[in-house]
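One structure coming up, written as structure tokens, with questions to follow.
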């Protein structure tokens, strides 16, 4: 049983400006919540507040229904995985994993048995006697995970645990975390600034910017109905294209708005099509496997589109038309950026 | 003018096993070559050999038509960007960028002007007076780039320059590097273990494994005609699925081979289709934006497929069929892994 | 011709000033000679400097050497024999007997005394009065001294006042001589450390500290503390060098009384201080000049300046006639005591082993005075080792 | 770690800490206090303030000159010592060369040598070279510090090699790499070693005693020792004067420390930027 | 080829000076240790191992070896433990911490002679500040420097007091270099203060400890001035450190041969110690993060 509720959390560091400006968050038991946002937006701070490593000057932190503002980290029974793992370099993998239990005075036998068990599920058994220095990045990551899992808790905070891994490992670990979440039924708060990670892992995503919570919803909802331009642009690769309605010749819809067009919704034409479209000049193509990303210059700025490799592709410099579906476009207020 | 030719390069470190086993590589003037391969395969070693930071015990390094084996790094006129940037922590951004010119006795005025110019293109002007310690990862990366660009050279070696960046920055920097390459007409040798990077950047890709060069060809050729199972599996996200021909019911083609099926070529069916297909049980879905990655369990092991979000998707646990095009499958020898 | 004499000495402070004055007078009187004087440090520092300098041939031309420790240097031919100079010098007859004797090693003269001192008995009159002791309480025998010390201790011990300061090495030697013995026989060179009278003397001295508790153990491990305590009015009796007279006077004023050393069995006192020797490596011309200076420094005029300016004793019979010295004697009755004592003063033995013996004696004394080792055993052992060592360095 | 301590407790802790510091320092403070007493007051236990001791130390004993000498000698020893040590440390840390390990071992071995062993041979050497009684004679034997070389080598090994390599790629020679890259990054370590060299030389006693006879070349320690090391049993020590001289020897070093403390503490183990 | 020569050029100044001013004197010492010499005689007769034999049979030698060993065994751990404790306490960069660190550092730069003199008074039995305080509390005076069992501890105390500041500075730097993340991780995992110190701080600051260990052991074998001033090796040899004996034998007794032999033995002993230490501790302290 572990739910976390944040009420109007405000936080500034000593002699610093305010970092969090009243954040509200309701995290249910067993939920996988991912916090995303650009660097410096306050993600780690939020996590550290939940962990008890920082204190907030305002607002309430409620863990399992009890106000936890004054609880020391030791007393919150939360496990945390740090951005750089914070593995103890002088302890073996086994000791690292068992250390949390050692600190809680679990007898040696019991804690080692538990650590071995955890190591087994993480396929770390062959490395139990090694020091972290002798592990690869992915192995270290798993040790960090193991350290959290060994703890007898069902609340996990993870601060960009995958950010130091290469792509392949990152994908593998993602699957692993998801599996663990389902197996343990744990509540997980996961910080990342990688949107692919966020989308693929989260039950709900909290998008932050400059210490403000922008949107807190399911991945699909956030991807399909971003509440503002920032959220829209933050999620999705390649990034959503934004076009001011006024620059589109033949635009008939609402005026004074920005259209958000996801690259994969654009269709490429060598000739001006009948449907609504934007004229562009191809500047660069980027192959990414089965698809090709087209970078184009248009009247409304740089836009990107996606084409399949099967297609016959234009060459850089060619004039093309990008057909879009005005109904599927996201519309944002030019001034406020809010969805209209 | 800068071409680089490697002839039968062999290299071992002191008291270590052989790291490179006779590598041949012909890099033309102005070409963008990306070296990929798993960790420890010798990518960095190869780069360092070209740079002159290591000496090979066998083979020839020819730069601009001249044998360069015995030249000191200072004398090769090559710029290099290091994996961790290797920015001088005690120098400001401006000094870092100008340092190469300073060492070559360029007068202060000239070199600062040049450094400012480079900083401008990299949008580093606001940070010129900062020390690297006060920069974000992406900014550091650009400084490292600037340091190389300021140098009056047209050969650049880059050792995983993007590996420490978050996704968004990585994408941005990718475009930037590509643009620079085109503007300067520079010869670039770029090491990465990220295949997306390799595909989108390279004129030609060199795929390495365990100190052997596997394939050296254009991205399209490598993606579409990998010479072996290793190359095939290394490029493409999600990874290519491999299925042993013998486990496929109704397989009519050549026997004793493995089929390589790229996830995006598989089509999803709720009912067994008429065409060739593999029966599977959906275990996990991962949303990645406009697409969904489906992880399935089949008779031939775990496979992944891609579906669009628009589609109505099965739920985990559902039985599905993955239709494939036998003609488009890559076939590899079961023993040697070579393409057949 | 111009001659420069390089001269190492050990005097700073007011002594240094007096020496400088003598040198200036000398140079004025001898225009061709320059004395390049250098204050090296204490006697030990001079030895360390010499030790490094001699093999390098960089020694000075003249050097101050402590009176018990020049023997080795004489023995090894580092110091030149000054007998002929002295024989030809009227100074010879002006010097007190003790002063002449001090510079003789194995029948030859190696140094000419410059600064001499001898231990005397210092008494704090105020403490005596408060303890109910008359000013002229007899302090001639060991028993009398102990009795006085005990009286003081009994009366004023609660105030942190001690009866007596534990004797320093110089005074110990004097007390042994007063008991009609010595550490090494000055004539025969025989080791007397375990002689019955020596043992008796040590037993008495040690008992002051560990048996009777009339002297502070601090003084045993650090001789300075006894002196500082006396200056501070915390000690009734102190046996110490005349060199402490000025500070004692300054600290205690009229409460200071100076008495001769005790005469337990005989009256005797050791001569301390140092003399100036000439290095045999110096050029003949320089040696001549150096001797000129030595002679000048020991003359009545110079000695008067020295005597008046420092706490050291006159070495020249005519010194007292000098106006400056006469005036000092007039004003400082305490000094007269020590001068009168010179009649019984004599030099101490100075064979090479003395250096070793003196260095080791501290340790032995500590062990005995602090009651850690039996006196007789200690001295027997000490004597044995000294004999061995004498055999080693004597060859 | 208590993450929050009440303001009052903090005051209390700070107060107690400072009190402890004062008690810790009391012997030094007492000696400074004493240096302002007349010697009569000192012996009689009274209080009588005077600046005479400083006057005497500086006037009669030329302590100003000794101070200058000490600063010059310790300064040059530190400068040369740290330079040579840094150069050697760089070579030991970054180059593989024949005999390198052996030489490093030989350097480390010198850490254990008491200075008394080298005294006489060094005196002979310098006498032969005619360098006694000169600044050179004071400086030369003191400038090879095995310890600094050892420590700096360990430190430099912790600096990513990629920084050197980047500089080589930028066209630097080894000397340039050392001077423009390694030295600036090693500043805290170099500072702490320099401080140690400086202190050691500042307190050096036996060598200057032996090597210098020219009183114009005396260092502070020799000057101080001449006040303190008087002939036992014969001369009386003027303690307040000694303490005044001793205070003079402390002050400049203390001043120097205050200036560099930040650098020292800011991380003798500070690494380079990733 | 200049490239090959480079490292040699870099080590040349250091090794050149060492050769002249350190190695050559050591060779000299080794040579002299087989001879008899009083530094004045023109001849230095060869006496073989006599000097060593003499040394090994004197009580003084074994005594000073023992004294030095006891000194090292007590003072080294004491210095390190105290310094670590103080550095941990003053770890934060507040004004009070900085002032206190500065205060603690002051003795390190103060002339050893004046420190020794001041402490001679402080520990004086009858006139000393400490006994004054003890007497005030109504206890008996303690004969600090007269009791052979106490004198060495007094020397250890004074030496520790003098050296502590340097150790604290180095430890402070070492502690500050430990990433806060480890403490955060331990806090979340439920660590109580002491446990975390023992299991996290202490091991992580081990490289610094090792460094200080090397320094303080070297120091312990070279302590001279404090002993020379405060006790001159007494009482009854209780504080007679090896270097004090070396000074006595070589510089006041003029026995250069025996003095050199003593120096050579000390040197061999220290090198052996260093090797053992490197073996035992060296491999345990290096982590790559």
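Per-chain residue numbering starts at 1, and chain names A, B, C, D and E are given in the order in which the chains are listed.
In this section, contacts are C-beta pairs under 8 Å (C-beta built on N, C-alpha and C of every residue); 3 or more make two chains touch, one makes a residue touch a chain.
According to UniProt, the chain labels map to these proteins: A, B = ABC transporter nucleotide binding/ATPase (Glycerol-3-phosphate); D = sn-glycerol-3-phosphate transport system permease protein UgpE; E = Carbohydrate ABC transporter membrane protein 1, CUT1 family.
Because the structure is predicted, anything quoted here is derived from the model rather than measured.
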Given chain B and chain E, the chains that contact each of them: A, D
May I ask which two chains are joined by the most contacting C-beta pairs? D-E
When centres are defined as mean Cα positions, the distance from chain A to chain E in whole Å is 55
Mean-CA-position distance for chain C and chain B (Å): 90
Express in whole angstrom the distance between the two chain centres, defined as the mean CA positions of chain B and chain D. 53
I need the residues of chain D touching at least two other chains; which ones are they? 119-120, 225
Overlap residues in chain E, where contacts from two or more other chains coincide: 39, 187, 251
Counting only residues that touch at least 2 other chains, which ones in chain C make the list? 44, 48, 51-52, 55, 224, 228, 232
Over in the complex, which chain B residues touch chain A? Could you list them? 39, 136, 163-164, 166-168, 171, 174-175, 178-179, 193-196, 199-201, 219-220, 223, 235-238, 262, 264-265, 284, 286-290, 293, 295, 309
Complex contact set, residues of chain B against chain D: 14, 48, 51-53, 72-74, 78-80, 82-91, 99-100, 103-104, 131-133, 140, 147, 151, 164
So in the complex, which bits of chain C are touching chain D? 6, 8, 10-13, 15, 38-45, 48-49, 51-53, 55-58, 60, 66, 115, 117, 168-171, 223-224, 227-228, 231-233, 240-241, 243-244, 246-247, 250-251, 272-274, 311-312
Residue positions on chain E within touch of chain D in the complex are 4, 6-8, 10-11, 13-15, 17-18, 20-26, 28-29, 39, 89-90, 93-94, 96-115, 117-119, 122, 161, 166, 169-170, 172-174, 176-177, 183, 187, 193, 207-208, 211, 214-215, 218, 221-222, 224-225, 243, 246-247, 250-251, 256, 260, 263, 266-267, 270-271, 274
Across the complex, what residues on chain E touch chain A? 179, 181-182, 184-192, 195-196, 199-200, 203-204, 206, 287-289
